[in-house]
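What follows are several structures.
Here subunit A shows up in two complexes: once beside subunit B, once beside subunit C.
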Partner chain A sequence: MVDSLRIEATEDTPEIDFDTTTGVFKVTGRALPENAHEFFKPIEEWVQSYVESPLESTVVEMRIDYFNSAATRYIFNLLMCFEDIVDDGGDAKVIWYYKEDDDMIETKGEELASILEVPFEMKTL
Partner chain B sequence: MSSGLSTKDARVQYAIYGALFGFAFPVIATLFDAFMRDMGFGLSSLIEVQRTQPLHWIIDTAPLFLGFFACLAGIKQQEVIEANDGLELKVQQRTEMLHEQNEELRTIQDELEDSLHRISQSINYAQRIQEAIISNTQELKAQFQESSVMFRPRDVVSGDFPWYVRKDNYHFIAAVDCTGHGVPGAFMSLIGYFLLNKIVKEQGMLDTNDILCELHKEVVNVLNQETESDVHDGMDLALCRIDVSNGEIMYSGAGNPVYHMRDEDLVEYKADFWSIGGTQYKKRKPYTAQKFKYKSGDMISMFSDGITDQFSADGSTKFGYRRVKDHLIANYNKPLSEVHESFEKEMNLWMGDHRQMDDMLLMNVRL
Partner chain C sequence: MERLFDYYKELENDRLSFIFNGDVSDDITDGIIRITEFNVNNFEALNKLSRRISFIMVECFQNVVRHGSKNLDPKKDKAGGLFAARLMGDANYVSSINLIDIDEVELLREKLNQLNSIEKDKLKALYLEVLNNDEISAKGGAGLGLIQLARKAGQPISFDFEDLNEHLANFYLSLKLTGNDGETKPGEALRFTKNFDKRIKESDVLMVYKGDFGKDSIMPIIHIIEEKMRAENDVGPKGFFLILVELLQNVSRHNIESNGMKDGIFMITEDKDGEYWTSVGNVVNEQTMHVLKERLAELNEMDAMELKKAYKKTLREGSFSDKGGAGLGLIEIARKSSDKLVYSFDDMGDGKFFFTFNVKFNVNG
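Up next, the complex of A and B:
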């Protein structure tokens, strides 16, 4: 089992709190890093090694209130990694939180839900 | 600091003054005694006085004792002096250090200013190149007098760009939003610009869905994304082909929609999910196209997410699709130059002092 992954939020990057004792993985805040690759790559690598031997259940809680087009791609890739768990018969789901009046985040969530093969829930904040 | 004794040393000075002061006691006492005994002040009488009165022997030790005690006081005084000297030296050293640090900071500041200046110059120059390319919207203006492009880069150069090409009866218009902004965005915009030109002008592809499929293939190829899985960059865009011969528009979108307005009715044509370029997904599907008829006086509108994602002044709310639609509907009957102006005003009011989050592009075309 890999250790939990924690990254503090900055003005341009979200807080990452992937807790391997509870199986609740939270992404919270804004994602508009100047260098999206530098920020997301280590996280993606961490998830890739996690999905090889995941916990019994994994819940990914996305509470993002802004991401730019580069970050969108990395977030999509990141969430796609969790498909491996489902493919192997494991239990994983994504909960996508959005503010009621934020049609941008809501639309993005709907789009992701239609593409990703991971159980995907939409919830208002 | 010298540790040897010198006449300037407070310990020596105090001891001397103490001893001198103490010396006054035996002198006065001896002279006084000689005077009292009426013996006169000759050397022999003074010796006689000393010899016969043992009390003088005690008094004679006064210079010794007073010198000793004064010396003790001198030691204290010397400590104070030395401590003071130490402080002064420290203050002097600190001052010198601060001065040096100041100098260093000034050098760093100069270097930073210099770097910033050179980077700005370089980016400003790059902007001229980007501007020259983007000025092809004048062609759009020549073909569609009632058209407007709001183009607002976040950092001088931009990842967004408007694109227009005419091929026979077809007018191709696209609002393109490349990943990133600033310099990396501008790199991507050049790739997008020239690939679109190549695909439409040289390869002669005419269907918007084919153009997007080809654009995706080419971006993947140019950025080696087939093998280099770490480069996710690409672009979102809305692409319209206006066929003036039969009043029909063909639209395909990668991420970004198009709005078609007739009077106060706004119809949104949604884009396909997949962005151009980036990771190779097995599930990826080819782009689709949608066709719709238009009448003279109708309007189409395309934009980048820099507009809809812009935060309000207090950072609490995003501009969103709703406000774009509302604005277009409310201003539908006005000339596009006015719509453009009032949209700029509304956006300025909306964002207030909040920083611009991303490049902004809004293209309106009256058909």
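Up next, the complex of A and C:
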């Protein structure tokens, strides 16, 4: 089992809290990095090694306020990695949190849900 | 709408120009400091002045906040204050304009005349005297800001007042700093400020920024605009904010970098109520121009459904750029814009082109 992954939030990147003792993976805050590759690539690599031997159940909790187009793309890629768990008969799902009056984050979630093949739940905060 | 290219030509040799029109709050002071520090610290001609300039900008800026009249009708008087800074190396201007209550005029005039007549080395004694005085101004200042301004500037402070009606007056404050500590002509900085103010207000420009567009400069700008938008609208218009982020980062990605600086210009103009034009401009090479022209023309042909489709397709299949982008930025801008994209290229010679990109956004949806 890989060690948990924790990255503190900055003003343009979200907090990452991927806890491998509970299987709850949280992404919280704003994702506006100019160079999204730099921030997300190591996280994606971490997730790729995690999905090779995942916990019995994995829940990805997304609480994003803002994100730019580059981050959207990398978040999509990141979430796609979890499809592997489902393909192998395991249990993984994404919960997309949005504030009730925040159409933008809600729409973004719906868009991602429509092209991802991992169980995807929408919840209001 | 004024053409962005005209502003650019005028400000082309500025290391940093920052003009902020309207009432401002203390919340954005931090952003101002950060923009200044980055632009100043990476420019040799300004290194010697760097600490002084940051300090003067902040004092000047807070002066707009502190002395601003509290008796304003936010709708009618919203174009009251102005903060402007132009740093060119040899000549640097920092100015503020704000509406004050008319009964403050005489006291301020007296204070400023006194400061301008005091010899430089006596200013410190005055500073200490005021510091130990219990009579602190209800406005949160103790006159200390102005004394410090006079000390750091090493130049007379240019100022003027202009009565607007029986309650309000415009308070102009200007400083010119030179790289070689030479004396400046009285009134010079003031004339500069007044001319600029007139032009900015007539064309409904809310903000102009000319300078570096690297990450360290963009985030403070975004922060400032976010605060301003939040102050003026009950709900932060997220769509507008995101267009800004995409536009500014786009300038950074498609840029001819020189001396470690990604130069560009950015302006927000108010069209009519609730409608804003965001314009960014920068110099690109011929190849980039052709790529952008083709891409933008394609996007303008698409309707909302087609844009959505293109967005999803890129999300799934597009290639990643080596600059950390994902090819989604322009599609995202086109989707959030309330009108077709408006853009132009001006030939600057030597295979260089000035790319102007205007996006209209309606905050009322």
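Please note the rule applied: the second predicted complex is superposed on the first by the 125 of 125 C-alpha atoms of A that agree within 3 Å, B and C clash if a C-alpha of one lies under 4 Å from a C-alpha of the other, contacts with A are read in each partner's own complex, and residues count from 1 in each chain.
Everything that follows uses one rule, which is that a residue touches a chain if its C-beta (ideal position, glycine included) is under 8 Å from a C-beta of that chain, and two chains touch if they have at least 3 such contacts.
Source: prediction; values computed, not measured.
Novice: Should subunit B and subunit C be called a clash or a fit once both complexes are overlaid on subunit A?
Specialist: Overlaying the two complexes on subunit A (C-alpha atoms) leaves subunit C and subunit B clashing.
Novice: For A:100, decide between first (touching subunit B), second (touching subunit C), both and neither.
Specialist: It touches nothing on subunit B or subunit C.
Novice: Scan A:12 for contacts with subunit B and subunit C and give back first, second, both or neither.
Specialist: It touches subunit C, and subunit B stays clear.
Novice: If we overlay the two complexes on their shared chain A, which of subunit B and subunit C does A:111 touch? Say first, second, both or neither.
Specialist: Touch partners of A:111: subunit B and subunit C.
Novice: Determine, under the contact definition given at the top, whether A:70 touches first (subunit B), second (subunit C), both, or neither.
Specialist: both
Novice: Could you tell me if A:56 is touching subunit B, subunit C, both of them or neither one (first, second, both, neither)?
Specialist: Neither partner.
Novice: Is A:38 touching the first partner subunit B, the second partner subunit C, both, or neither of them?
Specialist: A:38 sits against subunit C, while subunit B stays out of touch.
Novice: Choose the clashing stretch of subunit C with respect to subunit B from the list 40-48, 130-138, 148-156 or 184-192.
Specialist: 40-48
Novice: Once the complexes are superposed, what residues of subunit A are shared between the subunit B interface and the subunit C interface?
Specialist: Of subunit A, residues 32, 34, 36-37, 66, 68-70, 72-74, 101-102, 104, 111, 114-115 contact subunit B in one complex and subunit C in the other.
Novice: Where on subunit C does subunit A make contact in their complex?
Specialist: Residues 215, 218-219, 222-223, 235, 238-239, 241-242, 245-246, 249, 252-253, 308, 311-312, 314-316, 318, 320, 323-329, 331-332.
Novice: Which of the residues in subunit A end up touching subunit C in this complex?
Specialist: Residues 11-12, 32-38, 66, 68-70, 72-74, 76, 101-102, 104, 111, 114-115.
Novice: If you look only at subunit A, which of its residues touch subunit B in the complex?
Specialist: Result: residues 32, 34, 36-37, 41, 66, 68-70, 72-74, 77, 80, 101-104, 107, 111, 114-115 of subunit A touch subunit B.
Novice: For subunit B, which residues count as touching subunit A in their complex?
Specialist: By the definition above, subunit B touches subunit A via 177-182, 230-234, 236, 255, 273, 275, 278-279, 281, 283, 305, 308-309, 311, 317-318, 320-322, 357-358.
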